[in-house]
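In the two complexes below, chain A is the common chain; its partner is chain B in one and chain C in the other.
Here is the complex of A and B:
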């Protein structure tokens, strides 16, 4: 304690080109107020026999997870830890819609089974035959931060050597309509989007994109962004660091990835790629700051 | 830091009582809380459930919440258990502001949404209520009356959510991130998951009979349970008296099927094995197992197989308390952890009500009254859909002296 932790790989399916980092140099300009993700060709990754009964979010989660694991050179991770603010909404809405419109008889269980939040983590475990630690966090925009913190804690306690950590949320048409009604999405702001992000954490630095120096999730909103930033660097042992530091915030990243409860996961993914590509030495992510809690993550070059 | 984390506070509400005192009476008197639903609106009124015998209006009155405010029932139940847990631990607002709150739920505020879903879709209804739908909305509504925790999160691993919340809480303490963590879970009945379980054809139309040859499914229940975990040094400094200790735990994945358990109970076996290992104990140290024991043919067979793999021919007393409360799903892990604390402190083994005849390969659960029993270490199992299997190892205060 404390063991050093590295991010070996990270990938995304979003409104940007899927499973690629083209957004760094030539991001797709977002327009309108609602954008679905650019999905890869799922049959390149999942045999149609297997994907037939998976909803869209499950397919995205499986693909980003398996690509991240392959890039990290890991077949079966020690732990699978997932964040999802709302789970598989497509299935939830189908099951709920049937109950509300047709009553409580003649319901089929498939949509119900896929609507529990932990269906993502467990499906990945079933596919990988992963019997290790498995957990799911559903806590708004800090779902990902909670999952990342858990992975870091498991590693620091020496319980695991590596972990698949992901965050997945979809915005169906119905979800978009309802969350617009609730005021979460609004015109003139970044468009409503969807995100699926997976990354592999490991105590092994070999081939890693960057080092995870610190992660915290906090409820307090009383402190200024400047205080949060300074404290995060101090906590990461970088108080006196005078090199190239980039601050990644919701304001900076919603023009690229849109508005979504999984946005902090995209910010950590982006920070890992930018440090990994030598775009900066240190990245400080202050995510979810417009919500009720913020996720603060510090990444640095491996040294 | 070795395990042995003091549990300095606890609170519980279920169909058999609001608070530890009433709960203990019901357990000792073998009083089941399962029966017809009174408050849940459903076409399946013939399905027995373990409903908490308090209306939302009564729960609001108990909590001092204005009647016109809409609060998910999950949070209303959570508030009762959290109030008792914080009270028994003697936590001040100042303590709470430095503590973490980890709550498990899956249903969240869907009881609010299922009454208004079609309205929401057509842009009608109070839009602010939508924000109560997700799991976080419920967790925040549960803790709101008690002040601001430094960190809150929600674990959603179906029926092992509360057990995993306790595990995460313990790890946060062991990693030195917090001195006090309040952890557990809450879940109310909803049309949504009553119908979900019904569509899976795992609900019994009679009262459930865990581990019995004729068992034919579960009865859903509801409730909440929270425990207050505190680092040993902080507890000592504060003069907090432990009710029991959390001395081990395991989280494993069955990785077999989305809604069924493997025949040999791989996930359950691994979770119990890890709990014993982390506690530095052997199977012969275990004096009681509170089984997950849902009363579905699949769970009870799979869990029996896992128990045999751990204990062989030296099976300790085992019982399921689902016959009292029904299956309280996401909250079951913490509700039953509180039952275990009560059993250790009062020296009794909860009788597995509903059981008559063993099935081939099944364990024979506790079926006779026993008082004055010395219970040092217990395992408390909670397994969820997707194979999210967890086991807590709780120890009495006497074992730590």
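Here is the complex of A and C:
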């Protein structure tokens, strides 16, 4: 029997006020073509001796994860599932730079360890002493959708009761330069930004923001937007729903969170907050629609 | 020898990103691992790298590191005796 799945908590560090939902009523106006995130004071969350080896992305991921878990009232999740399109770029750039300058001898183990994509999920597990399922998806703009889908499938199979699901990407100056050269970022569009989003999924509805009705990752763009929304609602068992439905897409959210490979995670976070505080009854999220795949998620009020 | 100890402390703080510490916070006789500075096994690898890069000393045997990295005094004595640069 499929379990119902709820989003218990969700939080973000982005170009908007960190770990807060001020963006709903008074979003920071984005300007320029490249914006770093507004970081919280990390020492309020992580002792300096523990954070000394962490790059910015790891600190952001640890903080959003631990805040989301605290809000959900969960100490150790059954699973930690992470999406990241590019991994820890700051450390990757340091590591590759040293290889180019100094050769393959005498490379720092810290830079090497933190240049791998699964560093984020592993570090969170080490800090929490979480020995359960731990997985990282690096599938471009569908990284978060893949992580969310994995969590939902495992919950519906009854293998886990809750999961920490996140998506984290940083945009260093070098990453910005390369992705601009590759045509991903361009002038006249939303600025390039960074995102760290964490949320806790659970089969327990108590205190949840909303229900996760459906999630899918699609690789085809052949269907029209109307067909996508209609099919998503039907798949979620809401084909005949006539209440307040909000459609959330990259076009609507890139002016708030900028352009970033983790944007679909921010859209699901935003949808969960909007449903959770009564701004709408149902949210249909179509994320990553600029790329080769899209993440389609339906959230509804708990009932 | 005192200059070498001061230099080692500065290099350790930089290599291990001990941002909130100054050389005067590190006692020459305090253990680097465990109850002293509280360093761990990854720090040990970074210290081995520090010796190789700065003093041309390559520790072949990890057990050797245990004797060398007891504290600043033992580290400085080993560097003074074995440095090639």
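To be clear about the criterion, the second predicted complex is superposed on the first by the 303 of 303 C-alpha atoms of A that agree within 3 Å, B and C clash if a C-alpha of one lies under 4 Å from a C-alpha of the other, contacts with A are read in each partner's own complex, and residues count from 1 in each chain.
The rule is simple: a contact is a pair of C-beta atoms (placed from the backbone, for glycine too) under 8 Å apart; a residue touches a chain by one contact, two chains touch by 3 or more.
Just so you know, these numbers come straight off a predicted model, no measurement behind them.
*Asks:* In the superposed arrangement, does A:52 touch chain B (first), chain C (second), both or neither?
*Replies:* After superposition on chain A, A:52 lies in contact with chain C alone.
*Asks:* Looking at A:129, would you say it contacts chain B, chain C, both, or neither? Reply first, second, both or neither.
*Replies:* Once the two structures are laid over each other on A, A:129 reaches chain B alone.
*Asks:* Have a look at where A:138 lands relative to chain B and chain C in the superposition and call it first, second, both or neither.
*Replies:* Once the two structures are laid over each other on A, A:138 reaches chain B alone.
*Asks:* Using the superposition on chain A described above, determine whether A:33 touches chain B (first), chain C (second), both, or neither.
*Replies:* neither
*Asks:* Would you check which partner chain A:108 touches, where first means chain B only, second means chain C only, and both and neither mean what they say?
*Replies:* both
*Asks:* Using the superposition on chain A described above, determine whether A:80 touches chain B (first), chain C (second), both, or neither.
*Replies:* first
*Asks:* Quick check on the output: what are the common chain A residues between the chain B footprint and the chain C footprint?
*Replies:* In chain A, residues 107-109, 113 are touched by chain B and also by chain C.
*Asks:* What does chain A use to touch chain B in their complex?
*Replies:* 1, 80, 85-87, 95-97, 99-101, 103-105, 107-109, 112-119, 121-123, 125-126, 128-140, 142, 146, 150, 153-154, 156-157, 159, 174, 177-179, 181-184, 217-220, 292-293
*Asks:* For the complex, give me every residue of chain A touching chain C.
*Replies:* By the definition above, chain A touches chain C via 48-49, 52-53, 106-110, 113.
*Asks:* Hey, which residues of chain C end up touching chain A in the complex?
*Replies:* Result: residues 16-20, 38, 42, 45-46, 49, 52-53 of chain C touch chain A.
*Asks:* Which stretch or stretches of chain B touch chain A in the complex?
*Replies:* Against chain A, chain B makes touches at 42-44, 106, 108, 110, 113-114, 117-118, 120-121, 123, 127-128, 130-131, 134-136, 139-140, 148-158, 164, 168, 171-172, 174-175, 177, 191-193, 195-196, 198-200, 251-259, 266-267, 270, 384-388.
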